[in-house]
Structures are given as structure tokens and as C-alpha cells.
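Order of writing sets the chain letters: A, B, C, D, E and F. Residues in each chain are counted from 1.
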Amino acid sequence: MKRLDLIFSERELDAIIKTLEKANVPGYTVMKHATGRGPERVVTEDMEFTGLGSNAHVIVFCEQELIDKMRDNIRDDLSYYGGVAYISEATPL
Amino acid sequence: MKRLDLIFSERELDAIIKTLEKANVPGYTVMKHATGRGPERVVTEDMEFTGLGSNAHVIVFCEQELIDKMRDNIRDDLSYYGGVAYISEATPL
Amino acid sequence: MKRLDLIFSERELDAIIKTLEKANVPGYTVMKHATGRGPERVVTEDMEFTGLGSNAHVIVFCEQELIDKMRDNIRDDLSYYGGVAYISEATPL
Amino acid sequence: MEVNPILQNVLAPPVLFFLIGAISVIFKSDLEIPAPLPKLFSLYLLLAIGFKGGIEIQKSGFNDQVLPTLSAAILMSLVIPLIGFLILRFKFDVFNSAAIAAAYGSISAVTFISAESFLESQKIAFDGFMVGALALMESPAIIVGLLLVKFAAPKNRPKSRKMHLSAILHESLLNGSVYLLLSSLIVGFLTASSNPSGITKMEPFTGQLFYGAECFFLLDMGIVAAQRLPRLKNAGSFLIGFAIFMPLFNAFIGVFVARFLSLGPGNGLLFVVLCASASYLAVPAAMRMTVPEAKSSYYISTTLGLTFPFNIVLGIPIYMSLVKTIIPLSP
Amino acid sequence: MEVNPILQNVLAPPVLFFLIGAISVIFKSDLEIPAPLPKLFSLYLLLAIGFKGGIEIQKSGFNDQVLPTLSAAILMSLVIPLIGFLILRFKFDVFNSAAIAAAYGSISAVTFISAESFLESQKIAFDGFMVGALALMESPAIIVGLLLVKFAAPKNRPKSRKMHLSAILHESLLNGSVYLLLSSLIVGFLTASSNPSGITKMEPFTGQLFYGAECFFLLDMGIVAAQRLPRLKNAGSFLIGFAIFMPLFNAFIGVFVARFLSLGPGNGLLFVVLCASASYLAVPAAMRMTVPEAKSSYYISTTLGLTFPFNIVLGIPIYMSLVKTIIPLSP
Amino acid sequence: MEVNPILQNVLAPPVLFFLIGAISVIFKSDLEIPAPLPKLFSLYLLLAIGFKGGIEIQKSGFNDQVLPTLSAAILMSLVIPLIGFLILRFKFDVFNSAAIAAAYGSISAVTFISAESFLESQKIAFDGFMVGALALMESPAIIVGLLLVKFAAPKNRPKSRKMHLSAILHESLLNGSVYLLLSSLIVGFLTASSNPSGITKMEPFTGQLFYGAECFFLLDMGIVAAQRLPRLKNAGSFLIGFAIFMPLFNAFIGVFVARFLSLGPGNGLLFVVLCASASYLAVPAAMRMTVPEAKSSYYISTTLGLTFPFNIVLGIPIYMSLVKTIIPLSP
């Protein structure tokens, strides 16, 4: 089993969730209000009231093959607005 | 060292923390206000004001043996209200 | 590639970010409003309005060598105010 | 010449803000009221309704109508879930039927407020003790719902989670929104009895601010309702029909009970609205906790996505004409 | 003897709270207004401005000045971004130039409110329909900015993201803050036409509370502005100069247009302030979404970190004397 | 016949809402006021107290009593932590003793407000300049606490964290809640001097809304206090005793100082309450930052879980009778 961590602008959340659903992931978790810095931009808390949008952190536990299926779409989504995606190993309890 | 990720309805938080404390984990971290979708239900933001409760994400860094000790209790808690639990490797800095 | 998870009092956030920036990490993500318990103290939600400060959860995806560079500084920061730091494996998507 | 009451209802700020919220979702605006701001307004409204209700009850005292009306209110919130349960069992299992039925037996405080605002704009009088009916109708439906689960559910529920009477009472009376409404009512009552200057000092917060806060909250409710509505499609047409038919049916029973109680048109409308409205705060919270087998999207999407908007926009004026027809103005 | 108008402006609560916020950052106080509280106040202010504006427009009707003024306002919000774009292109690529220019063509509602407070403290009359100008000036600048990107941008933008006219209209009209302002204006208008008692009941919320809420929000804006300012250093002196020069330049054009429209000093100041102010809500949100190639720190740090404080503290009294000089008091 | 003053105090809305909050925890209701809503109310209360206090000080000017009272207030907040430290050292190390002692030397603004509400309900006059005493008593206790750590602590603290005087002053004066209170006081003062119309416009926000917001905040404080209380068990009976004894002891000293200052019963009570109350905002925040060796659960659970409820519910009326006994009504 794999764990996929996606961090990106919450403005892109709907698109990412669409991608996840299309790949039939068993589930996902969303945590909003994340801030941070990436290679391209700084995301600060005041971005919430200005409507710029802060980051969302999405966690998906799923099989490797699902990740392979989604890879291109996710990269597409993230390449345009920025964001990162990392995979690690995870075992169900 | 292991990392245990638990994601479940915040309504179950007290029960889970009890389970963790009973196993004498060295510590835990709780992040509330998570939303998401699982095999059984969708958790959205409006669940906060309706009192349904959104999800909590709990992280525990501990030894494998503690996890073995808690496994059944945690599975019990999660089986009733839903939620997921995953283990991965982690090394202290 | 590594994933570094830091959990500590948000009061220490500026110091930690300074440490990260000095090491030229490619980026980092901050999630505030985390609560929890560690070997030394309990952090609860009421700490937000009392000004005690709840915890911040910082995630950094970076190379091992950067982590080696930061190790001492981060340990310093965490030793004084408390907090935990764990490393795990991560592969870019 | 009488203006169309539905149009008149729709042109009041609370309903307009509700529609604005709903339309923003339909047109995919990114207007958003982030958590926990809706919670702030919902806590505020419960506190203020309770507080003002407590004052009114203390002021008006217990006249002839109070006791029969409150008893009838409790009765309705016991009977409606039973009827609802029987209907829902045609399509759903015990868990889902009990949870949905409980929601329709209980009440929606914001629907009640909207009916009060409607009455005020129509200059029709009503009594403060009706808030007592509101407060008393929240819990019984929860109790009935949980008892239905306890006795009708398959016997293979996990033992550790067996529903004891104490747990049922706990969920129905100490549920956050029930507790806040009831205790604020007591605070209002005690303040009115022993500390009248406290009322004056609370008035700007619980009184003057109320209407605006109601509008702001309804803006959010419009957003939530419109987001919920499409999810009802998965629930099927039976449930969609139920979400419209049940309030109308309950209103119909309610108006005859109101007539029997000789309520005036103002109290009558409020009574009918209590019967017709469905809970999206107290009941879902209690059911999620005690009946996790029921799909929360069923009971929350029906009440929030369909019944609530229906009542706010169309129901209240419809019930008003029902009341005017069935309850003779001079009995 | 006339007191220094800048000092007088600075000694009003809203500006004082703004300064307090800014000073807290400079002195590294840990004063913080956590999210989403600033959002609460910003939503509230937009709702209240719109609602009150709608009432005023309905009340005052459409006199001779309304249509020319609103047309001129829209024209200004179309022209200013074009001028800004030409200036910015000396230093920045198409994406950044268009995004920054759009921000300066659009408006800042809080700057507008501050100008109204200033006028009230100076006892200078102004008309409610100016809120209409405020509402109408938000979107056109966004449209111009996006059209500039559409036609002037290098042709290698990813296809899937091509900007269709519908997307442009969507971003400019259904942007959360534009939508809330416009629709609250409509609610205000409808309420004033058909339900005057609704106005009275909203007054404590949208009227009486307004000034205090403005102060609280400005406290946060002071914190945000002072946190943003240092980041402008990376943007370079060209942009820093632009953030001060552009509002002054726009004010200068604006005051002559106001004179041409024969606006009185009150409406004149508001018109000038609309031209001089820059958007940190609607435009940045729209640009982040549709022109991610532009660096958000450029357009948000200039407007929030420099132009906004400048306008609030120094700009408004400066524009007032400009208005008094250029617009003859009795035409 | 005089009604029992404790009962009368308890039957006021703020105390009732506090009790409701506490009871909800005892009965395990899931009533919750999620973060950051309590922060909103705490920021609001500090801003409003400061603003109103600044106006009062400007209005009343500096009469004979002001300077001696303010000086005595500062003195008390320097002396009390020293006494507390000596007592606490019997059981605790330097770090914990200093941190707890500082909390008891400083003040609780909400306790102060509650005393004001109590006086108003009893129709006993008091002066606006007492808010000055409130503001001035926050920082000195922090300074004393940090100096105690600096000079009495074991010498093996990490070098990088050595406490310089500048850091001590920074923590004591620029701490978020100290800063907001002090600066709002200045804003109030400046507004009253130069812009009286600003006061009228702020009044609905800082004045009329205050009592209700206080109630809402106390509802949350009741929840927090009742959640904190059980954790005191781990702290041991010495600390539990200290949390009740110390306010009484401080009140006792305070009432004699008040008598010496010839304060009337209203100002006298406020002075005593300032001495008796303990900080759960400014001091804990400062101590967490600068003395991480101290257990935050010690200083926050005593002040929030025991001293605060004690003062709010029982303390204020007890201190009132103390004041009435010790301070002769007509000196």
C-alpha cells in the first residue's frame, strides 16, 4: 500500500479531487489552511481573506497501480498552479 | 520507530486518545477539521456547524510493539464509526 | 528523497523556518492549530486564545544531505521548547 | 388588494440572503464562509433565541394556553417520528428510517425564526412562550428515534455500543445545540425574574443584532443547501419526495391540532412550522453518534438540502394560508 | 484656523487602529488575528456596504448625475489598467503587467469606506449611489486584465487552460467578493422597495456596528500591510515607485473627470478614491486563478503593503485637497 | 432586607453563562466553541475595554486620586509576585514559582469586567480611570517574574536563550494582549481628545455589544475552566490551596491599600479585584515563551481552572463585603 501526499493551492482542490475520483481511489483526506513556501511562491495566512487561497494538504492511501494511473493527471494539475506530490510506503494497521 | 496515521470522525477522538494513553504512547498529535471521503461516507465542511463532526487526523510516533498492543482496540474504535489507520517507517532526527 | 516531519510549539515557528531557510530547503509546508501530548506537556485547544500557542506541524520534502545540515540547529530549537522531528522515505510522484 | 404572500416572503432580507447563497453555488461563485464562522452564528442564534424566549416566558407567565400547547408540541414530536418511520421502512432499513424520522419529528430553530420574521412583517401577533414549544420539541424525537433503533434493530449490533437508556437521554438532552437552547432559556428566565437590568444590557446583543446575524447565517445556509441538494440524487426519488411530502403532511396534522388548541393565527403558524420543520443540528449530531449505521448523507441532505429551503421559501407562506383557512380567525 | 487634514485623518479610530496593527508588527508584538476572523470582517463589510448602498440607490432614485457618474466610473476602470499595463511592460512580462494593472484599475472597498468616514468627520455630504460606482468598478478591470493576457500573452500557454470569454466573465462577475457586494446591493435595493421594515431591523447589524467592525478589520489590515511591506523589497524599486505613483496619477485623472461630471466635493472625493485605490480582494483572487504565471506576491504586496496604507493614511486627505483645488466648490 | 449578594451575583447573565459552560462539561455535553472564536471575543473585549477606558481617562482628566491609585496599582503588581514566589518556593523550583507568582501579580481583564458589571447591577459608582490601573498592572508582574528567573535560576540555562533586559521588556510590554489593551486605551484617549464624533460611532460596537459579548466569552470560559480543573489534581493540593488562598490574601492587602488611598466602594472593589485576580492571557503567553522550563499546566490551570471561577462566582461579592467592612463608607 502507498501513501500519496499532495500539497497545492486550495484553488485547485476541485480539480485534484476530480482526478482522484476518476481513478477510483478508495478514499482521501483533505486538510485546508496549510501555508508554506515552494520553489515558486510563498503562501501566507493572509491569503485566506484576500481570496488568493492558502494550500490544501491531501492524503491518499491506495495501491501503487492507482497512483500510476493518476500520475499524469496530477502532474498536470500541479504543474500549472504549483504544488508538490510525494509517495511513501504505508501498511494498513 | 514507526509512524501511525489515524483518520476518523472527531466524535471518536476521546475514545482513540484513551486507547493511545492506555498503551502508554510517548505522545501524539491531533489535527482537527479534516474532511474527506472513505469507503463509507463523505465528510464535508458543513459537518462542523451541524454538529456531525468532521475528521481528526492523529499522528503517533512510537515503537512497533506499542502499535501491536493497540491494534485491536484501534480497529474496534474505527470499525464502528469508520476511519483508517496506516503504519509507516520513521526515524527520529 | 526524504520527508521531515516537525511538530512543535507554534511559538517556535519563526526560529524553525529561519533554520529551514538557512539550509536552503526547496520548500516547506506549515499546518497550525495542532494539539497533542508529548513527553513533557499537553497542548490543548484553549491554548490558542490564552496566547500560549498550540502546535505547528511542518513538513519538508528534501534531500538527506539538507537534513544532515539542519540536524543540529533543529535539535537545538526543539530541545528548548519541546517538539519532535522524524524522517521518512518519500519519492516524488 | 393582497400582495402574493410567497413573493412577500421571498422579498425579505433573510430569504433574499438565503437565495443569494444558493445562487452563488449554482453559478459556481467561489463565495465561501469558512468554518467555524457558521458555527459562530449558529451558536449565537441558539443562545439569543433561548435567552429571549426565557424572558418572554417569564414575562407572559403561564396562561391557559401555555400548558396545552406545550403538551401538544411534545406529543407531535413523539408521533411524527413514528409515522415517518412507518413510511420510510418501505424503502430503508431500521437505522436509516429511525434517523430520518427523528429529524422530521424534531425542529429547525432557523425555520422557526424565519416564521417569526414573516409574522412580524405581516404584523401578526404571536406569543413568546412558543419558544418553549421549540425547545421542548427537540429532544423527544431523538428519544423516539433511538428507541426505535433499540427495539427494532437487528440484534447483531456490537455489544460494547448497546444503547442504554442513560445514553439515549444523554444524547437527547445534552446534545450541544439542545443544551445551549435550553440553558439559555433558563438564563433568560432567571434574568427576567431577578435582574431586569440585565435584560436591557443584553438587548443590543441578543435583540438588535439578531436579524442581521440571521441574514448572515442564512447566506451560509443557502450555500450549504445548494451544495447538499445534488447529493440527494443518489438518495433516490423516494427520499426526495419524502422531504417535500413529510413537511406538508406534518403541517396538515399540525394545523388541526392548532385549531383544536384554539391558537391564534400567529401561534398557529409557529406551531405548524415546528411540526413541518426538520432538524439539521441536534438530531443529525445525535444520530451520527449513536446510530453510525445510518447514512448521514440521507438525513442531513434531505433536511438541509430540500426541506429547509422549501420551508423557508415556500412553506411558511403556504402554511400561513393553511392556518388562515383552517383556523377561523375569530373562534 | 484649519487643522492639518492629514493629522485629522490619522486621529480617527479606523486609521489609528490600522497604525496600531502596523506598529505591532514593527515592534514584533505577537498580536495576531487568526484566520478566518479577518474573513468574517471582510465578508461582513462587503455585505453591509452593498446592502446600505442598495438602499441608498433605491431611495435617491436615479437623478441626472447617476448615469454619467456610473458610466465614467466604468470607463475609468477600463482605461486605468491599460495605462498601468503600458507602464509596467517596461519592466515586467505580460502576465505580471496585466495582473498588477488590473489590481490598480479595480477598487478597494475599505479605502472607499475610509473615505466615507473621512467625509462624515468633515461633515461633507456625499451620495449613496457612489456605492454603485464602487460595485461597478470591480469587474471591468478584471476583464481588461484577462483580455490583455488572452491577446498579448505568448502563445504557448497550456491548451487546457485557454481563457475563454465565459471564463473571463465568470472570474470577473462571480468572484466571491464581487458577487457578495453586488448581490447585497440588490438585496438592499429590493428590501428598500418592498419591505421597508426590513431596513430598520437590519440597521443595528449593517449600520450601527459598521464603524467598529471597520476598526477591527483595519487593525488586521495594519498587521497584514506591515508584514507585506518588507517583501516588496524583492520586487524592486520600480514596483515600489509604481505603488505610490499610480494612485496619485489615477487620482489626478479622476479629479478632472469628477470636475467634468460636476460632482460635489463629497462625491468627487469618493470618485477620486475609487480611481486611486487598488484591489486586494477581487482582482488577486481572480488573477491567481486565471493567470498563475503572474507572481502573486507582486500584485498583492504592492496593493496591500504600500498602496492601501498610503491611501488610508495620507492619500485621502491629499485627494481631498486636490478635490478642493480642482473642483470649484460652486460650479 | 438585603438579598444575598453572592446569589445576586450568580443570577446575572455573565455568571449564569459561565456556569452553563462549566455544567456542560460536567454533564459531558458536546457543546463546543471552536477555535478561533474564543480568540475573537478575547480580542474584542481587550479592544473595547481599552478604548472605553481611554475615553474615560480623557474625560475625567487626572484628579487627585488618579496618580496615587495608579502608583499603588503598579506597586501591588510588583510586590504580589514577590510574596507569591516566596510561598511557592516551598514546593516548586525557581521556574515554576516565578511563572505562577507572575500570573497572580498580574490581572484578569474579564474578572475586572465582571466586577464592573456587578457594581453596575448594585448601582455603585466607579471611575473610568480604574481601567488605567488594569492596563498598568499587566506588565510589572511579568517583569518581576522574569527578573526572578534571571537572578534566581540555576546558571545552566542554555546561553543562546539568556534573558536580556530587552527581551524582558519586549515580553512584558509587547505581548499581544498587553499591547492591544494599552494601544486601544491610547486610541480611545486620542479619539476623545480630537474626534468626539468617533466615540459616538464606536459606541454600538465597543459599548452596546459589550455585555452580550462578555456573556458569550464567559460561556466559553466556563467550558475551559471546567476542562482545566481536573488537571489540577496532578498539580497537588498545595497548588490547589494556593489558587484559592492567594487571591483572598491579595484581596486582603488590597483592601487596606484601597482604604489608605481613600478610594470609594466602587473603585475600592475594582482595586481589590485587580489584586485578587490572576492572569491567564498575558502572563502565561510570556512565560511559555521565556521560561519554557516552567510547566504551563501549573500556571494556566490554577488561574483558569480555579482562581478565575472562584473570583467570578464567589470572590467578587466576598470582596465587596470586605470593602464595605474595611473602607468606611464616609471617610
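FYI, contacts are C-beta pairs under 8 Å (C-beta built on N, C-alpha and C of every residue); 3 or more make two chains touch, one makes a residue touch a chain.
Small disclaimer: the values here were computed from a predicted structure and weren't measured.
Participant: With respect to inter-chain C-beta contacts, which pair, B-D or D-F, contains the greater number?
Facilitator: The greater number of contacts lies at D-F.
Participant: Count the residue numbers both chain B and chain C use at their shared interface, divide by all numbers used there, and answer same if that is over half, different if under half.
Facilitator: different
Participant: Between chain C and chain F, what is the separation of their C-alpha centroids in Å?
Facilitator: Chain centres of chain C and chain F, defined by C-alpha means, are spaced 33 Å apart.
Participant: Hey, how far is the Cα centre of chain C from the one of chain E, in Å?
Facilitator: Computed value for the inter-centroid distance: 38 Å.
Participant: So the centre of each chain is just the mean of its C-alpha atoms; given that, what is the distance between chain A and chain F in Å?
Facilitator: Computed value for the inter-centroid distance: 45 Å.
Participant: Averaging only over C-alpha atoms, locate the centres of chain A and chain B and give their separation in whole Å.
Facilitator: Here the centre of chain B sits 20 Å away from the centre of chain A.
Participant: Would you please write down the residue numbers of chain C that are in contact with two or more other chains?
Facilitator: Correct list: 31, 33, 48, 51, 88-89.
Participant: Going through chain F residue by residue, note those that touch at least 2 other chains and give them in order.
Facilitator: Each of 30, 34-36, 39-40, 175-176, 204, 208-209, 285 in chain F touches at least two other chains.
Participant: In the complex formed with chain F, which residues of chain D make contact?
Facilitator: Those in contact with chain F are residues 35-36, 39-40, 43-44, 47, 51, 170, 174-176, 179-180, 183-184, 186-187, 190-191, 194-195, 197-198, 201-202, 204-206, 208-209, 285.
Participant: Give the list of chain C residues in touch with chain A in this complex.
Facilitator: So the residues of chain C touching chain A come out as 1, 3, 26-33, 59, 61, 88-93.
Participant: Touching chain E in the complex: which residues of chain D?
Facilitator: 8, 11-13, 16-17, 20, 23-24, 27-37, 40, 117, 120-121, 204, 208-209, 211-213, 215-216, 219
Participant: Which of the residues in chain A come into contact with chain C in the complex?
Facilitator: The touching residues are 4-5, 7, 31, 33-39, 55, 57, 67, 71, 74-75, 84-89.
Participant: Please output the residues of chain C touching chain F within their complex, sorted ascending.
Facilitator: Of all residues in chain C, those touching chain F are 9, 11, 33, 41-42, 44-54, 76, 80-82.
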